[in-house]
Structures are given as structure tokens and as C-alpha cells.
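First chain written, first letter: the chains are A, B, C and D, and each begins at residue 1.
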Amino acid sequence: MSQVDSGSPVGVALIGSGRMGAYHGETLAQRLPGARLVAVADPAPGTAEKLAAGWGAPAAYTDPAQAFGDPAVEAVVIAAPARFHTDLIVAAAQAGKSVFCEKPAALSLGDLDRAIDAVRAAAVVLQVGFNRRFAPDWAAARALLDRGVLGTPRLLRSVTRDPGGFDPSWVPADTIFNETLIHDFDTLRFLNPGAEAVEVYATADALVEPAWKDRGLLDTAVVTVKFDNGATGIAEACFQAAYGYDVRGEVFGSGGMATMGDGRATGMVFSGATGRAIDTARSDQELLAGAYVAELAAFVEAVRTGGPAPVGGEDARAALAIAKAAARSVRENRPVTIAEVAR
Amino acid sequence: MSQVDSGSPVGVALIGSGRMGAYHGETLAQRLPGARLVAVADPAPGTAEKLAAGWGAPAAYTDPAQAFGDPAVEAVVIAAPARFHTDLIVAAAQAGKSVFCEKPAALSLGDLDRAIDAVRAAAVVLQVGFNRRFAPDWAAARALLDRGVLGTPRLLRSVTRDPGGFDPSWVPADTIFNETLIHDFDTLRFLNPGAEAVEVYATADALVEPAWKDRGLLDTAVVTVKFDNGATGIAEACFQAAYGYDVRGEVFGSGGMATMGDGRATGMVFSGATGRAIDTARSDQELLAGAYVAELAAFVEAVRTGGPAPVGGEDARAALAIAKAAARSVRENRPVTIAEVAR
Amino acid sequence: MSQVDSGSPVGVALIGSGRMGAYHGETLAQRLPGARLVAVADPAPGTAEKLAAGWGAPAAYTDPAQAFGDPAVEAVVIAAPARFHTDLIVAAAQAGKSVFCEKPAALSLGDLDRAIDAVRAAAVVLQVGFNRRFAPDWAAARALLDRGVLGTPRLLRSVTRDPGGFDPSWVPADTIFNETLIHDFDTLRFLNPGAEAVEVYATADALVEPAWKDRGLLDTAVVTVKFDNGATGIAEACFQAAYGYDVRGEVFGSGGMATMGDGRATGMVFSGATGRAIDTARSDQELLAGAYVAELAAFVEAVRTGGPAPVGGEDARAALAIAKAAARSVRENRPVTIAEVAR
Amino acid sequence: MSQVDSGSPVGVALIGSGRMGAYHGETLAQRLPGARLVAVADPAPGTAEKLAAGWGAPAAYTDPAQAFGDPAVEAVVIAAPARFHTDLIVAAAQAGKSVFCEKPAALSLGDLDRAIDAVRAAAVVLQVGFNRRFAPDWAAARALLDRGVLGTPRLLRSVTRDPGGFDPSWVPADTIFNETLIHDFDTLRFLNPGAEAVEVYATADALVEPAWKDRGLLDTAVVTVKFDNGATGIAEACFQAAYGYDVRGEVFGSGGMATMGDGRATGMVFSGATGRAIDTARSDQELLAGAYVAELAAFVEAVRTGGPAPVGGEDARAALAIAKAAARSVRENRPVTIAEVAR
């Protein structure tokens, strides 16, 4: 990895500027003094130029290869659709760029191994967008674990519910496992440090959009994950919650329990004619704003110091293996071991 | 069922005066103007006499048959060990007494059918001690369901964690399913009205007392229950929580979510040098005091009016079937249908 | 005081059956095995008879004197309008009946002294309806004080907000001090045990019904109470809160702080399309149900044992003196000492 | 005000680098891409140099005049002791620099007028460090007010409790009013938009350090503020809370109530052997981190756009007038009008 001068901001290119990408671009341009957004790449004509101009980024590209060839770019943030992730990681690494990639880093374990190999060969940093590790509640729970306060984990829970409004025709099969629950699989691992998943059982159904069940779209799922230290984790997801974005967690150990995710936007409580209402976050970007910034700050710091990323390729692989086992469990209606899918 | 004069309290005998029985006895004697505790039966020499004297109950017996033969007794509350429940229900019913029986009403589906048949033949009331239905949070959630506010349930959760301190040598195999999680199985049904369980998958381990695993004692379990309306329920239990008794629930439907069980003893919050602490209940009798009284009030009312009990033999059977499927699922490490166990 | 047989319920007559009286009557008839409602007195034709019949009380009177002459009556619960309280207490005491009187026990300190003297001469029990002392949050805070956990009180707060709907033409002047804030004055004393008020400053206005200000109706008030241990208490009240009945408190001492009154009806939280809502109590009878029963239980117990009431005539006098000083403070726009009003 | 190029960061000098100053310096250097820390001034030998080096600021001065003369400095953040504020504001303004000044902007109304005049003459931006306006809960409550949801304010409350550890010999008389409660006075005004204080009554005592009372040190105070729209606000403060920093607020209007300040560091809740504990903030910098950054971001934006500061000299004057009236009220033990002190 090229030596980075600790005094100047890290030059970062944004690859892909959809909803999440745009947020990352804004963070790199306006919220992270340690980073400098030096390029935006997006295939849609005019998009990169417009965004780059608004953010004061000097370069705009329609082809990510241009960003990989730009000497001002030390690192890239990949927020393109998931099916392109592997090839982008490989190309970036081969160009000597460190990589922050949105989850999932790949859609198959084979692809992921290819990406990990490229990163290793280039000795660049790879961080995966498991943002929940950086959300304050979760970081606080992990701190309690690390201090031994919670003892040995016995039961864990991680929940993701989206606010809905998705277009069923755009959602690939297994998305609930590969793209949504993968956050929860990583969270379960994060909250059970040192343990690894051994067996997975999952149920899933099309309860939001029953008409799409025949085409394989599953929108509601529960996954039971057995770990090698005896703990059981439960991950559950639904693509539509009437009350908005819902991200919660729980870790129960021999020393006590931590619960995470009260869904609050602020601590303000309003009492009015229709009752008393908590001031709640409606979008992931409101709920997880701090985590989205913190994960990029950690990435930039890792690039600057050459240190390892706080959540990297092996973590991505472990979470993807659980996703693969979960999908197979639903198809075969039986518990599936990690060994079966992760050879 | 014998006609009960609506003006005078219902005469009730307590059968079994252990921890839970003693609480029920106190409720019948001191908290329920509609009931009159007319007898206490306990096999331990002197126990029934001492308790009856303290509560002002006119009769004390060492043999429950004496209570069944006492004409002042219109109804009995059975709080003896679970293995005696079936025979006691049958005997009480045959004597024309209405029965409130602590859960589980039986340890096998065959026994339970025998009890249900006896109750039906005698046309007495049978209520089972699924107290959580009477806890304010749960009743409020059910009211939201009944009003349609929560829509169709998609994901449900019910948790029971005991404060520990149990003697492993006294705990029969499958207790976590038959005696602890049976509350949660009933709760999942209560929160998914009209739906029935079709398939069950369970994991369980001995994490509190690992040395007892070989003898079949499982102290920590997670059970996934698939319902015929597509909803999935999760029931989890552990015999030891460092923070005391923990009973919680959640129902997530197309219209929103209700969460139940904040564990508070009161709404008082103390802020001191070691932080801010919620005033929490430490025992089930503190946490569920209202529910314990309310379930007996409902029973006494059912006896008085001859109406059906709010939770009866068929509910007991449905919950026990899930328990049986869960225990088999652990032994065979596969999902087990209700049809397999509940023929 | 006549000796009461500890085995049989205390015979109680209800004097006055308005909103609060009806609740107390129901409690005596149906919620308190230790009490027996033996008579109902109400001047409205037919009212006492109808209520007595419904509650199974043997006697109904239109004149309270009849209840005072009834030998089955050991104690009375006075819930008539405040202006009749003193004479009723005196008459009941002279007839040898113990008295539970709704607050305020009198509208002037002279009247109150007359009532206290009559009670003392007759050696009967007098309890005043300061129910907040019996509400779980407040009792828990007081327990922390008694255990020394909160240290010496420095700042205290007590809030009462009614849900509105009052008829301004029915509300006597100074009602906000004499009938509403009198609860808060007692609460401040309850949370600052051993200390006494020395000076009072109050502001008040007609913000709910500005048109009635000229006629002396004040509907919103803040009262600052200085105590002889240096602590300052704040009592505030408003006759109309858009969100229903609101009763809260706070005591901040050298050891920490306790806050009371989260307004919850249950611990259930509903998350729906319009946000996340706490399940809140809308009426005092929902919010304070437990306290209303507990205060009568304590009274009945005091009558039974001949022991002193937990909150009696001297407490009523201390709270009323604060109310008088507050009313004068508003009129004269200056701090008023307790010594000025309580000679 | 000099035209600022919207594309480049605003050059800011830090004047005074004590506890709060150091935090502001860090924010300017590391948390605000829109600002550039170009100088640090502190009279203690070596301090400015060391801090400037650590933050990468190009200049370090021992005399603030040097910073005022530095052409790279467009704006200054004044965090020197309160008694120097006025002269520093005047000097900065005269040098054409915009000013962010920690509260209080002055210790007398005369001084404050002098500062306001200098700022006006120089046409620079002046913002005062009333950070609570920028804290999320308070901003959310104000948004409800601005949308009309809360109706017309009737009762308001603002609380500040410090964690203690102060050195009594360093605290000037009236500090609790001029430097602590001044936050609360501004908050009451912020939550009662358009209304102004007309009369103030205050009580105060030395309850934390009774031995210092003779020397005029008051450490615990309650201030009642009457507003011209009929609302009453209560501000209370104490220099020592056993549980750490405590900042809360409440606004109750005709449409409902908003409460602010749950003291949480995160939403994580830990349940352990000693109870259930909220994860609470211990320092102001933890509790108000977001507000400290947001107020400087707003200042930098005002400098950049030449727009008015969100909270300026007139707000500082209104809050200081309440502080002056409160101090006089304590000395004279009577309500004091704003007109008396603010001529």
C-alpha cells in the first residue's frame, strides 16, 4: 500500500451514485475533514458531472476504470449494484486503490474469494459496509462484551425491517438473505466475538407481496444461527414495516443483556391529543446517519495508517456463508451447516 | 355445572401450596372479593393447616380428595407439581368442581385429552394458568389486534427468562418446553388469533449448567413456529438471567408493531452515581402480580356465570402440541410438523 | 376508638357519590376484601338506593346523619363537595366513626382545626385523600429517600395537569390552589421528609379560559415553595392538558434524582404509520387506580388496628397552609411566609 | 462584512483554549469541513503553539490582538474567561472579524451594549454560544412549536445540573445566573417564540457548598420567569448532580407538551445483576457533542453567506437581563421586573 502523508486528506473516488452512493459522496465531500472527494464515477450520462460539481470534486467519470487510473485517487467507495461489486473490487485493487465496498461484497462465495485474493495481492485496504458495527448502540453493546460485563453470549437477536415501497420486479431472488439479512448475520457475529456460525435454519415467505412468491421473491424471513460456542442467534427481516425503518438488536449473555435500537430520531417526546409519541426516525439515513459517517471515517483512517480495516473480507465471507445456508435451508426445509455451503 | 348464586363469593379450594400455590391462596383469601378460600389441601404435614389458619380458610386437608368431597368447595385451583395435574383435574371434574389448573395441564397429549374429556362430561369450567394473556401489556396488544390496528401478524416473538437458582437434579427433561416455553407457545397463539401452528423447529442447549447436558437437561432454547397464516413466531427461554425475571413479547403485523414487557416494577427512574436505572421487577410475582390476580378473577367470574373460561382445554392442547414438536425437533435436528405429534 | 375484630371486614359508609365517590364505593364493594360497604349516602333522590343495590350494600340514605347513626358503620369515606367536608368530618367523629376524607379536608385553616379537634376528641382515625403517596412511582421514590439513597433533597417538582372539560361557572376562586395543587403541596412535603415549608411565591393566570380571569378563575399556576432545609419545591398545575391527565414528580437530592410519573397505562408500545406511541392513561382513574385502592386499603387497615393513618390532619393542615400562602402571593405579587397565613 | 468565497473553508482563529475552547478548536480542525482553523491564541506560554501544531493550524499567538491582525483570520471563536468577552468582541469586530462568543457575551448589560454596537458598526456576524438551541431534542421541540402543533406555550421548564467538582474559590458571585442559568433563560425564550420576559422571581442557596454561602456563592437556584404572553417559565440549576451532567426541558402549550433531554449517550440499555441501566452521558461534551458542532457549523455558514447568526446579540441581551433580574430578586426577596434592570 502506498504511503499516505498523515497531514493531508485521503483522496477518494465514489463509484456509483444511487441513494446510498449519494449519501457516501456527501459524507466524503462535507462531513469528513480527513477525506477529500476527488472523483465521482457513474454510468448515467451527466450524473457524475452534476454531482461532482455540486460537491466540488475535481473529476467526473462515466467509467469506473477512469477513476481507478486517476492518480489523485487513493481509495474508492463502491456503491454500485451488488452484481458489479466483485469485478469493481478486483479492478480497484489491481490499480492499487484501497476499497470500501457496500455490502454484499459479492453474491457468491467464489466471487468473494476472488475479490479477497485481489485485495491481498495488492496489499490494499478492503472494508465492507457493515454499518451497524458503527452505530452507537451496537458499539456500546460490543464495548460491554469486550469488558466482560455481558459474560458469554447465549442468545442473540438482530432485526431489520425496511419501510417498504420496493418494486418487486427489481428484487433478485435471495435478496432478503444476500442484501438485507447479511447485515444481521454480521451483527450476530459482531455481538458474539470469537464464535463462528455452524448451522442455519430459515423460514421465509412472501407476506408483503404474496403474488410474487411464485417468482421466488421472499420478503419476510427468520433465520436461526447456531454458533460454535453454543449460542443461538436469530436474524429476522421484512421488506415493509408500517412504521418505517427498524433496526434493533439484543445480546443476552451470562452476565446480562444489552438491547439496541430504540428507533429514536431524537430524545424528544411529544404528548398530544392522540397520545404520547416518541420522535422516531423514518429512514435509514436518519436512523444510521452517524454510523454511515463513522464507517467511512474508520476506512479513511485505515487507509491513512495502512492499518487493517475494522471489518474486512473475512467478515464479509462469514456473513455471506450464513446467507447462502439460509437460502438453501428455505429451499430444502432443513437445517443446513455452514460446512455444506462454505467449502 | 351447579348454579352459583351471583350474590355470594365462589367457594374455592387450593390444591398444592408451593410457591405459586401460596400466591394463589393469598389472592383467593385477600385480593378477590368475588372468591372465598374455603379449603387448603397440601400433602406436607401441617402445611395446609398453617396456611388455612393464616388466611382464615375454614378447612385444611392433606388429601385433595377431601377437598373434592367438601360441599363448600365449588371450584379448585390446582398448583400441585405438573405430573399430578391430569389426575387432579379428572378427580375434581368427576366431583363436579370447576378447575383452574396451573400450566401445563398435562405432560402428554393423551393425558390432556383425558382431562378435557372429564371436564366436558362433568360440564364444569376448566381454565389453564396461561397468565400472560392477563398481563396488561399483552392484553393491550391483543386489543390492538382485535381492533385491526396491527393488521395481519407476520412475525411474533415471546421471551421467558427465569432468574435462575434452580436445582438441576429436580428438573425433568423437556421442562423448558413443557413448563417454561409453554407460556410462550400460548402467547404466540394469543397474538396470532385464529391461526394455528403447523411446523416447529427448535434448538436447545445446556448453557447455564453444561454439566447436566448429558442427563438431558436443556436450559436455553429457541423455537421457531410456523403458522398456517404465513406468520412465523419465535419463542425463546433461558433458566437463568442475571437481571431477574424477563417476560417480553412482540407482534409485528401489516399495520404496525406492538412490543410488550418493559420489566418495570414502577415507572420511577433513579439517576445516581452509577448511572440511571429503571425500577425493575425481580420476581415473577412482582412482574406479573396483576396478571395472577386477573386470571383468577376471570376464572371465578366464569364459574359464577357458567360461561366458558377465557383460556381452556383446547388452548392447553395447542400449546402442548407445540412443546412436543419442539422437543422432538431438538432430538432429531429437523423441523417437525404439528401433525406428527398431535394426532 | 372502638375495638375492631381483626377477622371481619370493616363496615364503611360512602358519603357522597359523585365521580370520585363512585370510584371509592366500587373499591369498597369490590376491590377491598378487608372492607365491607354497608351504606351509601347521597342527597340526590334515588341515587344512593340505586348505587347501594348495585354494590350489594345493605343501606341507602339521603342524609349523611343517617349513616353516622348506623351501628354497622365503623368508618366513613367522605367524597361530598369540598365545602361540606369540615362539617361532615366533625359530625362523623362525634358519632365515633373513623373518617377518610377526600382532599381538601377543609377550605380554611380555621375549619381544618375544628375538624382536627373533633377527630382528636373522639379518638377516631382521620385520613386525607392525598392519593399520590400511594402511587407506586411515588412510594418507590420515598423508599429511596428513606433508605438514604437520594441524600438530602435540594430541588423538588410536582405537576398536576387535568384533561380539561371543566365548567368555569362551577369552579370557585382559588380552586387551583385548594383542590388541585394541594396534591402537589402534599407531594412536595412527602418527598422532603421532616422538612417544612417556610415561604411561598406563586404566579397564576387564566390561560385556558381567559374570559373568566375577571371573575377570579385561575386555571394555570406555578408555585415555588422554600423549605426549612434549604430545598426548593416547584408545584405546577393546569386545568387542561391536550394529552389527558398528567401527574409527575421529581426529587433531586445530594445522592441523585428520582423521577415519577411516566403517564403509561401499560408498558405496551405501538409503532404504526403515524409513529411510535406509548400506551398512555387518559383519566385519573386509569392513571391512579392502584393509588385509589391502596389509600383505602391503608385507611381500612388503620381503622382495623387503631393505628394512625399514614396521612392525617396535620398533613392536611400543612398542605392547606401552602395553598393559602400561594393564593395570597398571587394577589399581592410577593413571596408570602407560611407564618403569615398559618397562625 | 468581507465577501467570502463560498468554495473555500472559512478561516477561523480560536481565542482561548480552556476546556470548552479546546473542544471548539478540535471541531474547527477536525469536524467541520467548511471551516479551517488558521490560528490559536492563548496567553499561557507554549499552549497555543502545542495545540496549533496538533491540529495543523498554521499560526499560534499569545496575544489575541495578533489573531485579530492576521489576514488569514475571517472569524474568531472566543472561549476566554467571561470577564474578557466584551473587550475581545469589540476588538475582533473593529478588526473586521466575525465573532462566535461563548456565553455570556458580557457580564453587564452596559458591556453587552458596547459589544453589540461594535459588531453593528463593523457589520460582522456575532453569534453567542447558546448551544442548546442546536441540540436535537430542543430543535425538534421548536419545530413542533413552529408548525403550531404545541399551540400557545403556557408552562415551560429548563434545567441545568452540572456534575460538580468545581472549586468554590474560583466561582464569581452570580455565576449560577450569569453563566449557568443563562442557557436556561435563552432556552425558555427559544421555546416561547415571540414572547418576552416581563418579571422574574428567584430563590437560591448554597446547598452543595454551604460554607461558601457567606461569600456569596450560590450553587442551587430556581427562577420563575413570567412572559408577556401569560406563560410562566421555570429555570433551575445546581452545580452538582451525583449522576452527571443533566440538561432537560419541557414546553407545555395549548396543543400538547414536548419534553427534551433524556440524558442518553446511546439508546443501548444494559440489564444486569444490579438492575437495568440506561446508557447515559456523563459530560456536557458527550451529551451535547452534536450541538457544539452544529452551532459552529451554523456560525461558519452565517459568515460564509453574510446572513444573520441564528442566535445573536439581542438574544444575549434578553437572557442577560433575566439573569440580572434573578440575581436582584434573590438579594431583595421579591419579584423584579425586566424593566427595572434592562433600561
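Rule of thumb we're sticking to: a contact is a pair of C-beta atoms (placed from the backbone, for glycine too) under 8 Å apart; a residue touches a chain by one contact, two chains touch by 3 or more.
Chain by chain, the UniProt names read as follows: A, B, C, D = Dehydrogenase.
Quantities reported herein were computed from a predicted structural model and do not represent experimental measurements.
A.B. asks: Return the chain pair with more inter-chain C-beta contacts, choosing between B-D and C-D.
C.D. replies: C-D
A.B. asks: Select the chain at the greatest separation from subunit B (Dehydrogenase), using centres from the mean of Cα atoms.
C.D. replies: Result for the farthest chain: D.
A.B. asks: So what's the Cα centroid distance for subunit B (Dehydrogenase) and subunit D (Dehydrogenase), whole Å?
C.D. replies: 56
A.B. asks: In whole angstrom, what separates the CA-based centres of subunit C (Dehydrogenase) and subunit D (Dehydrogenase)?
C.D. replies: 42
A.B. asks: On subunit C (Dehydrogenase), where are the residues touching two or more other chains?
C.D. replies: Touching at least two other chains: 241-243, 246, 255-257, 269, 271-273, 279.
A.B. asks: Under the definition above, what is the set of subunit C (Dehydrogenase) residues touching subunit B (Dehydrogenase) in their complex?
C.D. replies: Where subunit C (Dehydrogenase) meets subunit B (Dehydrogenase), its residues are 7, 29-34, 56, 136-141, 144, 149-150, 255-262, 264-273, 279.
A.B. asks: Under the touch definition given earlier, write down the residues of subunit B (Dehydrogenase) that touch subunit D (Dehydrogenase) in their complex.
C.D. replies: Residues 241-243, 246, 263, 269, 271-280 of subunit B (Dehydrogenase) touch subunit D (Dehydrogenase) in their complex.
A.B. asks: So in the complex, the part of subunit C (Dehydrogenase) that touches subunit D (Dehydrogenase) is made up of which residues?
C.D. replies: 151-152, 154-155, 161, 201, 203, 205, 207-208, 220, 222, 224, 226, 230-232, 234, 236, 238, 240-243, 246, 252, 254-257, 333-335
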